[in-house]
C-alpha cells in the first residue's frame, strides 16, 4: 500500500469544501420539512468566512490550553477524514491507521475541546465539557463495538480493507449483524454530531446545551476552526457510515473516471443519510440529559447483539 | 533377674495402697481444714509403711531410708508446717468447695474407675501387689480433682501433696527396689522446698489480698 | 571437667552472691559468671563436634552432653548473659526509683544464677530423675523472681505459675517414674535398673509399650505445661508479663525451650519404643493448637508484654509441630528456630522493660503511640526485633519458618504447612497492628525524651546483631551441630 | 544522618546513577537479541546447603529490569529537590535509605533465580515499601493505610509461598531452573491450586479488583515520589510474577485460566476507572487509575493464556507484547502523573482538587508534563497509551478468529469493555487536568502556587520523553520484546509488526490492520499550514484582546461559580448510580420560603462496595470471634486447672 499525493490532496480539499455544504444541506432540508424557507444552502460558508474575519475576545482566565483546543479539533477531524475511504476503496492515509485510529483522533479532538471549555472558568463551559465527555463515554464504546462487528467479519480494522472485503462475493449485505451495527452506528452518529434527540445544534438555551456550551467563550478565528472541524467530523462520520455499510461505487483502483463515479455515489449516499438524520430530527424532541444515556446504551446493546450474531451466523 | 515375689508382702502392699485411696476419698468429702491436713499425714504414713514393707521384704535398705525420710518430711514436718500456717493466718476452718460433697464423691468414684480401666492392660507390674498402678493413677487423678475443687490456697497445696503421694506410691511399689536414692532424696527435698516457697507466697498473698480465696485472684486476664 | 565447670560456675556465682554485700560485686559476678557459662558452652559445642556425634560424659555418665544438650547450653548461655547485662541498668533504675527494695534487688542476683544452674543441669543430666529435679529447681528459683515486684498482680501471676507449674511437674514426675517402671527387669543389671537416658534409649524397643504410652501421656501433659503448650499455657502470659523484664527474657527466651528439651528426651524414647505414630500426632496436635490459639489473643491484645508472651506461645507451638513432623529438614528448622527465637525474644522484652520504666504501664492505650519520638533508640530496636519475630527477612526466623513449612510440603504434611502459614499470618497481623500503633504517630507530648544508658543499648543490640549475623552467615560448625542434634531427635544419630 | 542536604544528595544521586546503569545493562542484554544466553551469577554464598541466592537475567527479567531502572532513574532525579520539602521536618536520610533499599530489592526480585531469593526479595519489598508509605506517620490515615498495605502484602506473600511450595513439591528443588515447565509433572488439581494461589498473591500486589483495597489507601498518603515508585514499579512486580509463573512454570494452561485472567482484568479496568471518576483527591484518582491499567495489562496476559490454550503461539506472543508494552507505558505515564501530582501537592499543600485550579498559568511546565501524561493514559493518539491499547484491541479482535469455541466471544466483549474504559478514562482526565490546572484558582494555596524545583522538572521531563518515544517509535521498541516472547512462547514477532522500515506498526499482517503514530504526527504537521494559511489570508487584520469571561453575560464570575470536580462527574455518577450507591444528605435552613434557603449543607459520600460488603464485615467478625475466644483466659485458676485436667483425661481415654 502506498501513499499517493494526489488522492491525499484531493480528499483534503473534498473534506474542507464538502463539509460546510453538508451542514447547510441538513439545515435547509430541516427547514423545508418544517415548512420554513430556511437559510441558503451556502450559509455555512458565509458564517465561517465571517468568523474568520472577526476580532477575537479571549477570557483573561484562559491559559495556553485555550488556543490549543481549536487547532487540535480542526486538525484531528481533518486527519481522521484522511483515514476514511471516501470516493475510492483506498483511504489515502489508510496505512496510518484504521477504525481505532479514527476513533482515537476524534477522541483527541474532543479531549482538548472539553479542556478548552473548562479553561475560561465559566460555569457553562464546565457544564458543557462534563456532559460532552459523559455522552461520548457511552457513545464511543458503542461505536467501537459496531466497528468491531465489521472488522471481525472483514478480518481487519483497516477501513480500506473492510470496504474491499465487503466487495468480495462472500459478503452478505443483509447480514442481520450488519443491520444491527448500522442502527447502533446511526444513533452514535446523532450523539457525536450533536443532533436531536441528543443535543440541539440550534439551541439558545444555555442549560440545554452540550456541544455549544463548550464553545461559549470562543470567538472569531478559533470559533471558525471549531465549527469547521465539527462539520468535517460530521462529514467523516456520515461518510464512514455510508461507505463501510454500503460500499457500492467504491473502486479499488484510483482513476479520474472511478473518482468521478465514486463522488457521485458518495453524494447520493450522503443525501440519503442526511435525509434520514433530518427526518429523525424533525420527528423527535430533544431528550432530557439523563435520558440520553438510555438511548446510547440501546446503541451499545444493539452493537453487542450485532457482535454476538456475527458469532452465531458464522 | 528379678527376685521372687513374696505373697504376704504383696498382699500387704495392696491393702495399704487401697487404704491410701480410701483416705483420699475421705479427703474429698471432709470439710474441716485441720482434719484434711491430718488425713494427709495419715496417708503419708501409709505410704511410709508401704516403703517399709518393700524395703524389709526385699532388703532394699535405701527404700527404708526413703520410708524414714517420708515419715520425717511428710508425716511430721509438712503437716506441722501447714497447721502452723493455718494458725498464723487464721483461716476459717470451713472448706467451701465448688462441687458439693456427694457430687465430688461420685466424680472421684468415676475417676477411680477410669484409673482401673487405664491400668488394666498393663500387666508387667503385678509383682508387688496387684492394682498398685491403678491406685496410683487414681490418687493422682482424684488429687487433681481436689485441686480444682478447692478454693483456698492451703487446700490446693494439700491437694497437690496428695497427688505427690500417689506418685511416690508408684515410685516405691511399681519398681522393685524403688528409684535410685539420689532421685528419691532429690524429689523429697524438692517437695519440701516447694512447700516452703508456697508458704512464702501464701503469706504474701494473705497480706496483700487479705484473703486466702485464690478464686479471687483474677485480675490478670486475656 | 568441662561439664563439671559449666555446671558449677553458676552455682558458685549464686552461692557467692548469697553472701556478697556490695551491689557492684553482685552485678559483676552475675555478668562475669554468665559470660563464663557462654564461653564454656561454646567450648562444649566444640568438644562435642570434636568427637563427632559421640556424647561427652562426666561423673560416670551422670552428666552427659550430646549435640542437643550442647546446643541448648549455648542458648542458655546467650540469653542469661544478655539478660544479666540488661539487668544492671534496669534494676539500678528501679532501685533508684524505690520500685524494688534492697532485699528484692539482692534476691534477683541470687536467684538468677540458680535459675541458670537449674537449666544447665536439666540439659546436662543423663538420669531422667535428675532432669526432673532440675526442672523443679528451675521452677522454684524462678517463682520468686516472678513475684519480685510483690504487686497484687505479680503475686497472682506467681501463684498461678507455681500451682500450675507444680501440678505439671507432679504429672511429669509420674510419667518419669512410669518410664522407669517400664524399664524394670528389662535392663540387664542384677539389682537396680539404670535411670540413665542413654541406657533407656539403648533398650527402648523392649520397654513395656502400654506403660510407655501412659508415661508419655503424663510427661507430655506435665512438661507441656512447663513448655506452655495450649491448653496448658494459661500461666504463661501472666508470669511473663508480671516478671521483671530480664526474668521475662529468661523465661520466654530459654526456660520454655528447656521444658521442650525435657519433653524431647521422652519423645525420643517413646518414638524409639512405640514408633512415631502416637508421639507425632500428639506433638502435631498440641503444636498446631498452640499456634492457632495464639492468634486471636494477639489480635485483640491490650498489654505489650502479654502480647510478646503469646507470640512465644506461637513459636513454641511451631517448634513442637515441626519436631512432630519428624522429617530431617523440619527438625533442623525447629532447632534453628529455637536459636533465632532465643536471640530475638529477649530484645523485645528488654524494650518492653524500657517502655515500662518510662511510662509505668504496658497498656497500649495508655502509652498511646509515638514511641519513635519519645524513645527513638528503644523504638528502633523494638521495631527490628518485632520484624524478626514476625518472621520477615532479613532475619533468620524467616528462613527457619520457611524451612519448616517447605519441608512439611515434601514430607506429606501439606495441611500442616498450610495451617502453620495461616497461623503465622494471623499473628503477624496482630503484631504489626499493635507495634505500629505503639511506635508510630505523634503521641502526647507529655513524656520526656528517653535517656537510654549504654548498658541497655549493648544488652539489646548484642543479641540482635548476633541474630542478624547468623541469619546471613550461619557458621558451618553450628550447622553441623544442629544437624547432629536433629539426628539425635530423629533417633538416627 | 545529621546533614539532610548531603544525605538526600548522596542517596538520590546514587539511586539515579544505579538506575542509569541498570537501564544500560537491560538495554545491552535486550539488544543482544533473543538468541543471547541469559546472564547468571551468585549474589551471596550461603552456608545452608539448600538455600541458594543465584541470579539470572533473561528476556523477561531484563524487560522488567529496564522498567525498574528507567523509573528509578527518573524518580531519583525528581527526588533530589522533592526531598528538600522534608528538611528540618523529617529525616530525609531515612527516606533516601529506604528508597534505595526498595530499588535494590526490586532489582534483585526481577533477577532472582531461586525460590528463596525471590521470596526474600518479595518480603523485603513489602517491608521497605511499608516503611516508605508510613514515612509521614503522624497522620493516623497514613498509619492505617500502611498497616492495611502490609497486612495485604503479607497475605499475598503467604499465597505465593504456598504456590511456590506446591511447585517445589513437584520439582524437589528450590532453583527456578528446575521449575521450568514443572507443571507437566503436577496433577491437574495441584496445578490449578497453584495457579489460583499465584493469581491471588500476585493479584493482591498488582491490585486487581477485588483485592485492590490497599492500593487507593496506600498510594495517596505516601510521599509522591514513593507513590510514583509504588504504582509504577511495585505493583508491576505482581505482573512480573504472574507472567513468570504462568508462562514458564505452570506449563500449558487450561481454558479457564485464560478466561479468569481476562475477566479479572476486564472487571478491574472498568471498576477502576469508574471509581477514579468519583474521586476529587488527585492522588487517589491516580491510584484508581493504576487499578484500571493493571486491568488492561491483565487483559493482555489473559488473552495470551487463551491463545496458548487454543494453540496459537504467535497470537499469544502478540498479546504478550501488548500486555508488556502497556506495562512499561503505564510505568512511564503513571510515574509521570504521580510526579506531576507530587509537584502540585508540594506547592499547594493539598490533595483536594476542589482547592486547586488555575495552576496551568502558575506552573506551566508541570502542567505541560501532566497534560502529556493525561493524554497518554487516556489512550489518545499519538502517545504510548494509544499504541499499547491498539495492540490489545488487535489481539482481542484476532482472537475471535482463533477458535470456534463459544469462549471466543470473551475477546470482543472484553474489547468493548476496554473501549468503555478508554472513553471513561478520557473523561476522568479531562476532569483531573481541567479542574486542577485550568480556570481560576479555588483557594489561596492554589493562588500562591509556584513552579516546581528544577530537578523535579528534569525528572518529569525524562518520563515525558519516555512517553513520547514509546509512543512514536513502537516498532523499534517491540524489537526489545523479542527475547521475552522467544523465552515465553518460542516466537519472535517484531519483524511481522513493523512495516515500511518501521514507520508503520502492523498487527502481525498488513491486512489485519496498521497504525502509525509518528505518521499521524507528520500528517498533523502537514495539515497545520491550513489554519495558518486561512489566518494569513483572511484574518490578518483581526485583533485579539483579553477580556473578562463572558459566560452569557454573567457578571462578577467567582471561583465558587466554576464547575467542581464533583459536579463534573455528576452525570456519570447518576448513570452508574446502581454501582456507586452514593450516600447523600442535604440540610437546608430557610426563613420564610423553601426557595430562598439561607444556608444549605450538602454532603455526598461514596464508599466502595467491596469495603462495604466484604472487607469491613470480615474485619468486624474476626475481631468479634477473637473477643469470644479471649474469654478462655478469664483469670480463674480453677478454670485453668480444669483445662489441664480435661486434656489429661481425654488423652488417657483416647491415647490408650
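Note that the chains are named A, B, C and D in the order they appear, and that numbering of residues resets to 1 at the start of each chain.
In this text, a contact is a pair of C-beta atoms (placed from the backbone, for glycine too) under 8 Å apart; a residue touches a chain by one contact, two chains touch by 3 or more.
Remember, predicted model here, so these are calculated numbers, not experimental data.
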{"item": "Chain pair that, of all pairs, has the most C-beta pairs in contact", "value": "A-D"}
{"item": "Identity of the chain that, by mean CA position, is farthest from subunit C", "value": "A"}
{"item": "Whole-Å gap separating subunit B and subunit D, where each centre is the average of the chain's CA atoms", "value": "71"}
{"item": "Chain centre separation in whole Å, for subunit C relative to subunit A (CA means)", "value": "79"}
{"item": "Centre distance in Å when subunit A and subunit D are each reduced to the mean of their C-alpha atoms", "value": "34"}
{"item": "Distance from subunit C to subunit B - Cα centre to Cα centre, in angstrom", "value": "31"}
{"item": "Interface hub residues of subunit B, defined as touching at least two other chains", "value": "118, 121, 144, 147, 214, 217-220, 222"}
{"item": "Contacts with 2+ other chains: residues of subunit C", "value": "159-160, 163, 167, 171, 210, 214, 237, 297, 300"}
{"item": "For subunit A, residues contacting two or more additional chains", "value": "none"}
{"item": "All touching chain pairs, where touch follows the definition stated at the start", "value": "A-D, B-C, B-D, C-D"}
{"item": "For the subunit C and subunit D complex, residues of the former touching the latter", "value": "159-160, 163-164, 167-168, 171, 210, 213-214, 217-218, 220-221, 225, 231-232, 234-235, 237, 278, 282, 293, 295-297, 299-300, 329, 372, 387, 392-394, 398-399, 402-403, 405-406, 409-410, 414, 417-418, 421-422, 424-425, 428-429, 432-433, 436-437, 440-442, 472-476, 479"}
{"item": "Residues of subunit D that touch subunit C when the two form their complex", "value": "44, 46-48, 50-51, 116, 119-120, 123-124, 127, 134, 137-138, 140, 143, 146-147, 150-151, 154-155, 158, 161-162, 165-166, 168-169, 172, 174, 622-623, 625-627, 629-630, 632-633, 637, 639-641, 643-644, 647-648, 651-652, 655-656"}
{"item": "Footprint of subunit A on subunit D - complex, ascending", "value": "357-358, 360-361, 364, 367, 371, 375, 378-381, 386, 390, 393-394, 397, 400-401, 408-409, 412-413, 415-417, 419-420, 422-424, 426-427, 429-431, 433-435, 437-440, 499-500, 504, 507, 510-516, 519-520, 523-524, 527-528, 530-531, 534-535, 538-539, 541-552, 554, 557, 559, 561-563, 567-572, 574-575"}
{"item": "Subunit B-facing residues of subunit D, complex", "value": "630, 633-638, 641-642, 645, 648-649, 652-653, 656"}
{"item": "Of all residues in subunit B, those that touch subunit D in their complex", "value": "98, 114, 118, 121, 141, 144-145, 147-148, 214-215, 217-222"}
